Amino acid sequence: MGIHISTKIKLAANQGERKSVQVGDIMIGGEKIVVIAGPCSVESREQIMEIARRVKEAGATMLRGGAFKSRTLPYSFQGLGVEGLKMLAEARDETGLPIVTEVVSPETVRIVEEYADIIQVGARSMQNFPLLKRIGKARKPVLLKRGFTSTIEEWLSSAEYILAGGNNDVILCERGIRTFQSLTRFSLELTVVPIIKEVSSLPILVDPSHGTGVRSLVSPMAKAAVAAGADGLLIEVHPKPEEAQSDGDQSLRLEEFEELMKSLKPLAHAIGRSI
Amino acid sequence: MGIHISTKIKLAANQGERKSVQVGDIMIGGEKIVVIAGPCSVESREQIMEIARRVKEAGATMLRGGAFKSRTLPYSFQGLGVEGLKMLAEARDETGLPIVTEVVSPETVRIVEEYADIIQVGARSMQNFPLLKRIGKARKPVLLKRGFTSTIEEWLSSAEYILAGGNNDVILCERGIRTFQSLTRFSLELTVVPIIKEVSSLPILVDPSHGTGVRSLVSPMAKAAVAAGADGLLIEVHPKPEEAQSDGDQSLRLEEFEELMKSLKPLAHAIGRSI
Amino acid sequence: MGIHISTKIKLAANQGERKSVQVGDIMIGGEKIVVIAGPCSVESREQIMEIARRVKEAGATMLRGGAFKSRTLPYSFQGLGVEGLKMLAEARDETGLPIVTEVVSPETVRIVEEYADIIQVGARSMQNFPLLKRIGKARKPVLLKRGFTSTIEEWLSSAEYILAGGNNDVILCERGIRTFQSLTRFSLELTVVPIIKEVSSLPILVDPSHGTGVRSLVSPMAKAAVAAGADGLLIEVHPKPEEAQSDGDQSLRLEEFEELMKSLKPLAHAIGRSI
Amino acid sequence: MGIHISTKIKLAANQGERKSVQVGDIMIGGEKIVVIAGPCSVESREQIMEIARRVKEAGATMLRGGAFKSRTLPYSFQGLGVEGLKMLAEARDETGLPIVTEVVSPETVRIVEEYADIIQVGARSMQNFPLLKRIGKARKPVLLKRGFTSTIEEWLSSAEYILAGGNNDVILCERGIRTFQSLTRFSLELTVVPIIKEVSSLPILVDPSHGTGVRSLVSPMAKAAVAAGADGLLIEVHPKPEEAQSDGDQSLRLEEFEELMKSLKPLAHAIGRSI
């Protein structure tokens, strides 16, 4: 009884003891739950600095923000590119928060790994195999989001590309799947948290912002993720969500994020972890 | 921003204050989280009595057990029928636990409501409208499971049939939906917990046993459901799951259930509730 | 290589030679493709008589119309009941078209089988097992629609209930499944036509009206169904779709139906069948 | 009544008259239905030459074959790369069949467009936006497969990237979506054929090989696609499917392909087209 995956998945499979990924003095996959917070897109120096300071104060462990964006339509805001990376680095310098940012093509891996502490592979890139191969050669840890229609075996197979390439530091992140349910943009599948713990040694985070797409659902699902055993959370935060260039509907306001952090502490404690 | 449902759904919609459903001296939808535990099917007097005693000791609030079953194939065990109801009643007499059992056709509502404290409508019956109409006239509270392919609006529309019929005591229960993900039989959609809190006044329970179909996933998802704000849990328990007539793979052993109950207490406390 | 289903499905499985179902002098599952046309709901004597005459002239083989309806909300039109059955019978008397109508509960099987030439089990009732058991004792052929979230094995297992009950005349009907695609209400899964031919001996029809939910898509998908090998079609037709009590958006106007029938003839001929 | 898409999709939307894409003297989207046949992967010079000759004789319009592959696991055959492109070109030289082959990364667009007559974007790359942008600058027509979890609006938005980049020759190709149905790898959604005709001016092809994943289902679904109005087909063909490096289970044998071509002729004729 239990969950079984293909034996062709080797490096991403359960290898006896849980693996954790070190970023500076932060350990992802250990006893302490990490919280990576920030805006969907880096929009300006002021925006990212304000958010960095506030999420740091509230207890966030890392800062997230997109500089290279994956947008459905060519007419949408495509991100600030290298300028955005520099702003993120400046925010790190001031707050000490390591930064997590997305890479969308093999050619930009070099520049992204120069600035980022963790390289993020987005859901739409999960099966971009040339990108995965290139990231297998990168010198930074990787946050691999689950494609929104990917099976768990496909997800681990994509991790396998990175691990087989020589990069041992892969962190998984559930961000919702596509189902017939249409009141929310995606259906957050929290069951993957205990499934990943059972079939893989890799750390697993949850992104309740993309996973629900609706602000009022983010905090309840963040709590549920922690109770399910997630090693951390990815939370979108914006000072003025109604003015955000992207994903405003699912971003927490700064006060809401502070509130959430407070409520997560006793919860983490109740399951024998800290935050 | 937020979730909006059709204005044609009236009685099952959010009506300002949260409704709770009283069963004896138990309040479903209040501060205290209810735990309904028991076997998938009542199989014998000995089986149901043993389980009733043990789950009672472990802290369960109610006893569940199927006497009339919904089985995919005609050749599968179809339940003990009225004999099963009598065994459940005997278990209630001894332990004091109220009983929850399923009804599958309008003709058997009369006999089921005579024995049950809560009448359950299973996922496959969620759009059995003649059954819902008949239950609208029943004198017992109703546990309405979500069909595994039902939208949230369809689920609330089915609740509307019961409420419009005059039965005010409807309790919702999420039990997993069907998606492309095939490592588990269903995908438990916990996000419906905060969604239901936002759009409806009805209490909402979660069934992580059917919602995952895999024993090792039940406890983590039970904890996640509580953290997400569920008003209670439905848990399948069996002394010897490998010998169960149905759903053995997803039933907790008695010791596993006791373990789970212990771990839920600090969790409920951490979110300001009790269990 | 090929499709394999559970060996527990016996009577509904491929038993060597294709089975056909006789209704008067019409053979369903033979060389000739049957077309069952009519309104979603019987609304009045005038409506059903006009439609019956017109679809008969256009070449339809049978008349469909709902008297007992399955509606998501309790406030929607629930059908004319026995009065509707009588109107259907009158339309049959005048046109000679056999009638197909739905049954939604075990108690009404007796009255429906008295009037109908084929008893229809709707998608929402596909796993209403008490209904299937009762229909296994009925003396009329059964049109079993696929539940919109049912696997092919579950569908055949439901057919198994009817066949095991002693009723040998089961006709399957694909009517669309629920997927993430939301421009149409359902996704018509035509691949089940050759799958059913491979794994079962039962005749298979297609309902492109419910399967798409959009008028402009009905005719192209009806043609595709015939080319895929379907034994017949179920088509919703209404003289004034914008005034229909139900399903107006997916009903063909009478002229559109006549046009479709004309275009199906050469197509049927091209694949060695007639219509 | 009908299908409506976002007004932000401009160039890929219905622009009054149907667009066709010219490749040599072949017109895709005209009266004549195109058939693109060949192996999943180019495996050797002998293999591709034999297939090219045979599908040409049987009436195919173009030759397909993968040189750069997208494989779920890093340990699977990844294609012959540039060597494969050269073999395809040689097969074109001998048979006169234009060639269609996939590109998986921006860096290889230059080399692929040098050899290919049509550049294919596979399902897993449909939202690889850097790739789409680069292809918008390519000088060859593009075959854009639908991602297996993509909505129709997302698919057209991806076409928009290519069109907005200045490449006017985009051909769409449906290849099946992911649903709960698990007897086949994907569910071929033929309804998109009339939907695309309604909302877009772009030509639309269907790939029943990937769309079903099962050899015995390919021919029935190819016929259904033609009847639904598809402008062409993509068919996997292999002389010895059981020895294929990839996708053997869904490849037609050469004789089966010849058989299919014969049966498509009268069908195309019946709907007023040729093949």
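Brief remarks follow.
All chains are identified by letter, namely A, B, C and D, in their written order; residue positions are counted from 1 within each chain.
Going forward, a contact is a pair of C-beta atoms (placed from the backbone, for glycine too) under 8 Å apart; a residue touches a chain by one contact, two chains touch by 3 or more.
Note that the coordinates shown come from a computational prediction; the quantities given were computed from them, not determined experimentally.
With centres computed as the average of Cα coordinates, no chain lies farther from subunit D than B.
A comparison of the B-D and C-D interfaces places the larger number of contacting C-beta pairs at C-D. Between the CA-based centres of subunit A and subunit D the separation comes to 34 Å, rounded to the whole angstrom. Separating the centre of subunit B from that of subunit D, both taken as means of CA atoms, is a distance of 48 Å. The distance from the centre of subunit C to the centre of subunit D, with each centre set as the mean of the Cα atoms, comes to 34 Å. For subunit C, residues that reach two or more other chains under the stated contact definition are 149, 178-180, 182.
On subunit D, the positions that touch subunit A within their shared complex are 8-9, 70-75, 104-107, 124-125, 127-131, 133, 147-149, 154, 157-158, 160-161, 164-165, 178. Against subunit C, the residues of subunit A that register as touching in their complex are 149, 178-180, 182.
Residues of subunit D that touch subunit C in their complex: 1-3, 5, 149, 151-153, 177, 179-184, 187-191, 193-195, 197-198, 211-212, 214-217, 220-221, 223-229, 249, 263, 266-267, 269-271.
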